[in-house]
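Shared chain: chain A. Partners: chain B in the first complex, chain C in the second.
== the complex of A and B ==
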């Protein structure tokens, strides 16, 4: 299957390359517009992660009109295949390229070395270079709110968590949600299932079914499709939407969606590239920077719970509350964050252990 | 581990396996006639959106299923015209069909993202479906699950026991010989390809109407390719394909449950299990080289052009 998929993607890319070349030829003769390229890990229609990035791209087009020309390549596999797609964009005259998934980190760095005059922006990674900036959202802030809601509404005290891959980003999300859920409900426990994919509606739905069959009555997910929410709706339990507003897929089950908002960042960076003031940077914003938003809450949630969640969101935004405030221990009882302190960004970015109380083994 | 829990897990396995059964059995018929159609993924995804769109617009589950089958058949017809009459390369055409299908379904499906479908009605016989354990497992599914089993029985019988099935296999084994004794090679192949399209379309309909009743781009997520692998795994036999689909679906679901129960096996290994199990069985089955070659249609993937 893998080989066939690879072949398929090669052909996808060949088509994309033709389209890009056509775009180059058709460009206006007057003031050269800045070509901005986007590399997506999923399809735009995933209604999740990639969809939100594409909303950001559309915001760039809206903001700059004729000054920019955007193009994108979707469903690009992470790993070696990504090199060719990114290089192709650089080769076809793109001045600013956004690579929007963690797995594009090394390909982006490699291609950036070959094209020193092109600006690169890599989402959710940690490697910068003179022409590679990184950006991400503090998703864990949203997961804190999700954890508060889950801990409050659960009746079985079992919360199911659909996880993708054991990287710090995902582990941090699990820990943030767990700490928040425990803070409002000391009896809560997490069941965590790793599905080894970011996007497979069938498998995500199956994982949700398995978790519900094992007693979970709230489903949290770190995968991209709304399938789990829909299963939750079908089975009459709660779920939290991921990346974009997923209310439509299960209005009764939907507690809230944590919505990624890349538009403001993309517009700012494109502006900088147009001005010639673009420089490498490392941006990590959350509620405070408007890089994360919350959808409307489900009206069935008790008012005091919504009030608590809103208060937490506001406090995180103004900086008076940190989801990783000490004391925090890992599963072996080692102190991670001391009492009275909050986790620093370095520790958050490298988080690769579960916090105390999670009854599961983290795959290494 | 209660009975209820076991039933729930088995029910999930059945829904997860059914789309694979449809697609694999359909492809077996096409390949038995000598046509290698790698466009299963494309036919499935078009079947999925065809069924879903019709379901939303008409609200009628029967029409939705029929539309899924028809959409798959339409894709197969395109493939058939290109490979059987215009003699294009089957491998390249099949791959193109998949890419085309994914794009076409995304285009058509654009307006259906975020819409939800009630799902297919499930069989409910008062008194019987309520029986413990056996009741829901045997009498609690939607019509597509039963149809998938019927299609396995039907195709196995058709290929082994009917005269037409024999003609179809003859065309797949040696199209020149079949042609020389008067069999309409192209027509038989076209029918087989269309049947494969209908079945892949039904598999897609399962996904978008029953398995995860919603539409999202690329929602087949590689199941068409797994179905293709199952055909080889099954050495072109319908019952083995059925077994293979359930083995694959079963281990996928069991490993999810094992993780939830905290089984101390690394999740990466659990995720690999369905693939490893499939490969192991494939190795065991194909140990006998002669038998393997005996089962594979000799003219698989070869274009037929009547000469004199």
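== the complex of A and C ==
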């Protein structure tokens, strides 16, 4: 029953799209609304990763009004359950489905095979198909700015870094922040704590305390909760907010937040689905594509430091500055990026070694 | 007029079966109030929760896929619980089963053979049993509390999984992401119904339920399990070995959980991932009690519990209800069940 109805919806939309293309149909109001589904790995109230995706969903509703209907499923485990949830969205007539965590990659590909008329978009993965596009943000660009700020404001020259899992995304972030911090402060060193979770306020807070006890006076994080920022606020040190604007959780400690902005991308892709121009693609955008934003800087940061950070952000956005510009060596001294060159995307995507100067061992 | 609880002479058999039904009815009634207070149409919400997931062939298949690990694990656990052996670590035994069976699939990657799946099953069962043997040994040798040891071994198992998946078992072509490569076809469970994910795990779970039923009702082992649980002193007079029963029930629980684990990775997941089970080993404890520690009850309880997950997702998709509704539902079900269980040993009397 529902399968038939779903097919009818798709057919109706296909017919409507043809008519639109032929200029026979004037307004979009006569078509049925496009149903857009979102699969979230955390709760929408995490104030980090999932929260920002949901902000993107709300932006889609705002932009298209009656033309779209959105729905979401939150806290979907990245295992056998993901296939079912994605398929349920396809089954209930959703024409465009965003799956917003790496662990949904193979489930998305599997479900997409069964529903060739539905468009899928998977965040942070590397597998595409005719009806599966991928997208992610160049978070390392934001971490470059965070590293510049951290290297400039630190007095102890020790920067604490709360890391989640030793995957390329996280290693790349540590390297980007470290290279930037070293570029403004050659004495800086990083202390890195692996918490083996993306979201656990208790563990993240404990990690922040341990890092501060070891002398860190700036905390960077690659986890999603504001717990570390709250600890930094209590202990009178600096911290950088992750994924969403975390100012409210520790206004004094908060240097800046690197904000993931999915709204522009989601609006663009929904538009493409509505006007029938949707095609598979692989999008990896940063400051330039507006997929990353910076919150307001803390007013206590010296003006020249803010100016430098802003200049770096602008230069990255226009492409004149690359956070991984050579020469870059790994810890063993092997050349990663030659002088005068910048890291290509393939190397960035598979990055699994620390750069020279980081005094730590990457857990394997 | 007042209400009074009066002790029954003997436990009421009718209430043993009636109390889950009462709990379900009370949960439905309370959920009507909950939905109404959330500002949604309670009838439509209940329909989204309980009817919609089952309105297609695919939905019914998904229900069985979701119920398979819950039923398998709960069958094993209920044996132990009957004998007062409290294995709380099924989640870890499941993980070890998935690692043993899945590891075999990775080691024999590319070998097409009909023997591979049975071997993986055997490895999975052995893996789960080995993990359960640790609390069994500690319990029988040193009288260590098996609740603590089995639970703590869950965390060890998950760290072991994490180590393997971030290190030696990582997909060589996977950009260093913590996932194994996808299993090849011989290492995947056959699908029973084209276009769905229904795999042979469900019939295996049903067969195991039937076997357990016969074992408990007709076999001397089942009798010993029950006597050891109900009357330990009588059991020792009769010469039943508590040590033996502890070993048997823990190994059965571990083996069943291990089988559930290998069937998850060889079935719907198709590879080893950092999170294999969203807490099946713990949810199965609820399933075991909801099913009255009886194999038939466990099958129905597993299906009901699976339905609350599916329904929770439908409620989110079609009604925009929060995910927390699923947890509230499960919590209410357990709460009302425990509350209704008082009627097994007590009756309510109106006192004028």
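Assume the second predicted complex is superposed on the first by the 333 of 364 C-alpha atoms of A that agree within 3 Å, B and C clash if a C-alpha of one lies under 4 Å from a C-alpha of the other, contacts with A are read in each partner's own complex, and residues count from 1 in each chain.
Just so we're on the same page, a contact is a pair of C-beta atoms (placed from the backbone, for glycine too) under 8 Å apart; a residue touches a chain by one contact, two chains touch by 3 or more.
Since this is a predicted model, take the numbers as computed values, not measurements.
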Fit or clash between chain C and chain B when superposed on chain A: clash
First, second, both or neither for A:146, with chain B first and chain C second: neither
Chain touching more of chain A, residue-wise (chain B, chain C): B
Touched partner set for A:196, first chain B, second chain C, both or neither: both
Touched partner set for A:75, first chain B, second chain C, both or neither: both
First (chain B), second (chain C), both or neither touched by A:85: second
Which of chain B and chain C A:309 touches, first, second, both or neither: neither
Which of chain B and chain C A:106 touches, first, second, both or neither: second
Touched partner set for A:363, first chain B, second chain C, both or neither: both
First, second, both or neither for A:160, with chain B first and chain C second: first
Which of chain B and chain C A:219 touches, first, second, both or neither: neither
Clash with chain C (superposed arrangement) - responsible stretch of chain B out of 63-71, 81-89 or 135-143: 81-89
Chain A positions touched by chain B in one structure and by chain C in the second: 1, 43, 75, 166, 196, 363-364
Touching residues on chain A, where the partner in the complex is chain C: 1-3, 37, 43, 71-81, 83-85, 87-89, 91-92, 102-103, 106, 110, 114, 126, 165-168, 196, 349-350, 352, 363-364
Contacting residues of chain C [partner chain A, same complex]: 55-56, 58, 62, 65-66, 162, 166-167, 175-179, 182, 195, 197, 264, 267-271, 273-278, 309-310, 313-314, 316-318, 320, 322-323
Complex interface listing, chain B residues touching chain A: 5, 8-9, 12, 16, 19, 38, 95-96, 98-99, 106, 109-110, 113-116, 119, 207, 211-214, 216-219, 221-223, 225-226, 228-229, 252-253, 256-257, 259-262, 264, 266-268, 270-271
Contact footprint of chain B on chain A as seen in their complex: 1, 4-5, 7-8, 11-12, 15, 42-47, 75, 160, 166, 191-197, 199-203, 205-207, 209-211, 213-214, 216, 225-227, 230-231, 233-234, 248-250, 359-361, 363-364
